[in-house]
């Protein structure tokens, strides 16, 4: 079964492989059932584009809160796919271009390059920044947006196959912009939701010296956050724990800081 | 009777013929009476422009929900028309141009080319994307819109004849933009509306191994969607069934996924 | 009396004469008293500009619903005027120019050309499209609008005379834009208002084989439209009847289609 | 007394003299006391700028309804002033320039030219059109407006004197735009207000064959307008009477048309 | 005491001296205690920038109603300062530049020039016009505004000293634009507030032949304005009195005109 | 412990060192516990980026009211960091560039320069001015904002480390603009809150001749401000005291002026 490919370590080959790995600083931690389901669905679409003649073109949107691991999951799927052509486009890929005309020309070129390979994958990371979305005055680059949406929906030339993975942490904005309707499928990516899941993350990542320290950290977070609901992205948890190691009192510093981050991302909690 | 031409297989000749066929991946399935009526009306307008001296110029708008088959129906009519000049313009035709000035020049050129043939058809596919419509801030290219609307309403030179078919999945926006009033006639294209019609689609397209499987799939969709109303485009049904074939449990996977799509397109159902 | 010129067939001479005739595909049908009144008023202004020293410059706006015959009436007046210089400017005249700067330069040039003749007429057809009016976001080209309005109000050089006829189907917009106040006079052009007038149109245009057919057609429209009020432009009536001739049941097809058009143009009826 | 200059016929000399006269097609008719008062005030400002060392720079705004005679009054004052440099700037002066940058450069140049003469007058006719005011979307050229307002308020170089007369029929807009506050003084110009004043205008201008005809015309207008209040600009009255002369029934045609114009300009009356 | 410098007549030297004097046509009249206080505060800031090492950079905003004397007071302080570099920038300084880019470059250049002198003063006169403020649509040049605000807040290079005086008659707009917060200090400039102050102005300026005439003028204004509150700028008073001298009845004409101006500037009074 | 570095005087070396010092005119006064906490946190992030492999990229936002010392604190942390590459970018760094394209290119170049050093710090001072924020019409440069936010979130190349410190006095605007969420951490900087803290500032800075004068000054402020709450930035206090030294009555002048500033910054107090 092709889904087993998920657990194999065989890396994708190609120019962008190390770039993909950079998005997996802390690897993938299976802190919830949904992580496995996301990867299963992703690989089904990978297979579908590879073999189905009438579905040789497909686009999938990964959406979820800030820091929840969207980019890492897309990179992981890409590395496992074995596709000969894989290209990651991020807002940073576009920042050096003069204006949105030059940016859209670059995006167009990347798609044109992808069309040259018989089997290609494009990752469009962080759609809301790519279109230069700014909630004040609902500013954005309609040039980039229209280019992206049109290219998303255009099939590659005959005999060519293309899978597009995109990520966003602003799904509702993407819906208002009629961008979600341009995708064939959508996959939600969850935050770390409760102290149990947080415990799995901290243990698996070996962030503290002992499991007693982990317990203590969970207790501290629970006190500060005064709730069982965590609702914070896995990237925030991992980087905060990493900094905490330098503090004189890592466990407490971690708890206090993470509670601050939880409050920042969940203002009404 | 010229309407019989519908059932003939004689393909249109000309440069764009294979491009038209690419829009008919799954052929035409007669899942409802309205499909036949749409094709009859389309062929009447084809004949009218061909023979009536005082109606040598006509524009028709095909509108309907996303994925309902608008482009396929327009391509089918074009292929049956026998017109010597047929040209399909899509948002993808415009994506490579620098700005909306270059895009409008291209559109103008296509019309000018059409004027050179004594009998021409232009298909303007997906008007809302062609004018770069973005509901947030009601953005659009007024340059492209005005060019399209003016050219739509301008008769070709004496001795020349022109039929324009256009498609949109945003008729109400087109109405607000005064675009619908620029068309001589309009034809609605319906979604697949209930489990009966869905059954016809699945059977005719031979998506499942047996009619028992089809029955089971219909039951599954009915459960998930918890309603007799389907309201989803035929393209969505066909591509979802195609992917389902790769799943370990195609019938269930299909039902679940289609129900998800129904919910996505009918949020209040 | 110069008003008699209306009934004479002597055509205007000049380069644009055949272009004027193209706007009179179905001639002029006197389906109501107001048609004659419009032509009488038009010819009075023609004469006034020709002879009155202190009124050598005048602008007149013909307004009315879509397809009501505004362009045909302006063209008819121009053909009867005998003016040595007549020029028709339409949105299509402008569509090939790069941007609204180039469009306004062209408009300016046409006025400058007109100033060279001692007696000139300009027809500005379809003002709302010429200024690129788009009701969504109240978009328009203020450059073109200001140029038109300024030129409308500027007298030609001494010893020269200029009559401007313009048409619009959006008078209320033109009023909001302060465009109507720039015209010296306005003339309303009515739709075909009731079954009687419709009967005159169908009979005079000899659209059906016999007067019995006309009666039947009127009855059919009356049923579909369920009202004595027609409220549809003469152009719509004539082109629909022309297509109907190709149908297997022309009278019924005509009635059904015209009723559809009446509903489209009179949504609240 | 310098105010006597008003009644003298000695024309101003200079290049623009015939251009000024073109704005006085029907001369000046003293249909009300306020006409004399306007001219007296105008000549006081003319004298003030000519002789007072500390008031060598002054700007005056003439405002009033459409067609009320603002331009004619400004032209009349200019012709009587005897200033060696007089220049009239109208929207038509600007229409040939490419964009508002070129327009503002031209305006700047005209002021610079005026600074070269020891005693200059500039007439800025129809401010609202000059700034390209469009009430829909409150469009305008802020470039032209800022240039005008800044130049209005800038004194000429030492030893030079400058009087600026400007006209507008949109005073309330000019006030909202902070333009009125840039003028040192304002003078209102009234419409023809009642049948008495209308009678003076028609008699003085000798528009009808006899005073009986004038009486009849007044009666006709009174009937149509169904009110003693006229409220229409003198230019409208005079041009309508001029056209009426060509009609078979001049008195009635005049009454009917003028009533129409009164209704157009006073919608709520 | 350095404040005594106020009463000395020693003029500042430098290129812009005569330009400063042009803003003092009528000198400075001490019609109220606040005039002296404004000049005292101004000279304290002049001294502070000259001597205090840690306050070598300071910006002060003079604000008050139209015509209240803001520019004259800033010019007076500058003339008394004895600074080797003084430069006055007004909207008229900018009017000849092509666009706001060129304007902001010029402003930048003036600051750069000021940085070359060890002790400099810049007067930014009439901020609201400099930024091209237009209340309709809240238009302005954000380029010029940001440049001004940034330069206002940037200290000159080490060893250099800079005092910035600016004026505005639209303080509340400047506050909304976050411009006031960019100034270190603010000084209000009052209008002439009552008949007593008006009397001082008229007497000191010797506008009328005798003090009896002044009394009569005050009485006349009091009648027209029907209030003890005057609320009009000193510039308006002085220029109106100057024109009045040419009238046949100066006292009455002055009273009537000034009352009109009071009403214009205080609509609700 | 690396936190001890705070109290050492060893200055950072590098090109920008004297530029950093210019932001510390009055040194750092420890008027409250939070000053020490801010510096401790700052140095923890400095160490974190220096040593932690997986946190080699971090961004921190210092926010607080106007004049509260944000820039001085960032400069102080930078000087203590010992990083080989430190660069301060302010609105003044950008003011000389032609437009926001050139500005964003410069910002991009600064980041590219920083990437060349193995260990770099960038200070982005006054974000709201850098993005040209203007509350009227919510104007800003979305080009600069998007560039900043993208570069903030982009990790430097492998083997390189980057700490970004930014300041703003408009945190709530930054939040609305989705800018705060782009920072990994935030640190609040408080105003001087009460008379006690004000006393510490005045004593430590030795602004008055004796502690009796300080007491008197506090009393004066307390009277004017009629409240125990001060709520004014330390920069405002220090510069006002500096100017007061030149006044004839320094203590009273200081009290009065500071009360005025308190009222200006706390309108509702």
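Just so it is clear, A, B, C, D, E and F label the chains in written order, and each chain counts residues from 1 on its own.
Methods note: contacts are C-beta pairs under 8 Å (C-beta built on N, C-alpha and C of every residue); 3 or more make two chains touch, one makes a residue touch a chain.
Everything quoted here is computed from the prediction, not taken from an experiment.
In summary, no chain was found to touch both subunit A and subunit D.
Subunit B and subunit C, compared by their mean Cα positions, are separated by 34 Å. In whole angstrom, the spacing between the mean C-alpha positions of subunit B and subunit F is 59. Put simply, the C-alpha centre of subunit B and that of subunit E have 68 angstrom between them. One simple way to say how far apart two chains are is to compare their mean CA positions; for subunit C and subunit D this gives 34 Å. Multi-chain contact residues of subunit E, defined as those touching 2 or more other chains: none present. In terms of inter-chain touching, the protein chains here make up one closed cycle, each touching precisely two others.
Of all residues in subunit A, only 1, 44-45, 47-48, 51-52, 54-55, 101, 105, 108, 138, 140, 142-143, 145-147, 149-151, 153-155, 158, 173, 176-178, 181, 184, 186 touch subunit B in the complex they form.
Interface residues of subunit B, counted against subunit A in their complex, comprise 22, 25-26, 66, 90-92, 94-96, 98-99, 129, 132-137, 139, 238-239, 242-243, 245-248, 264.
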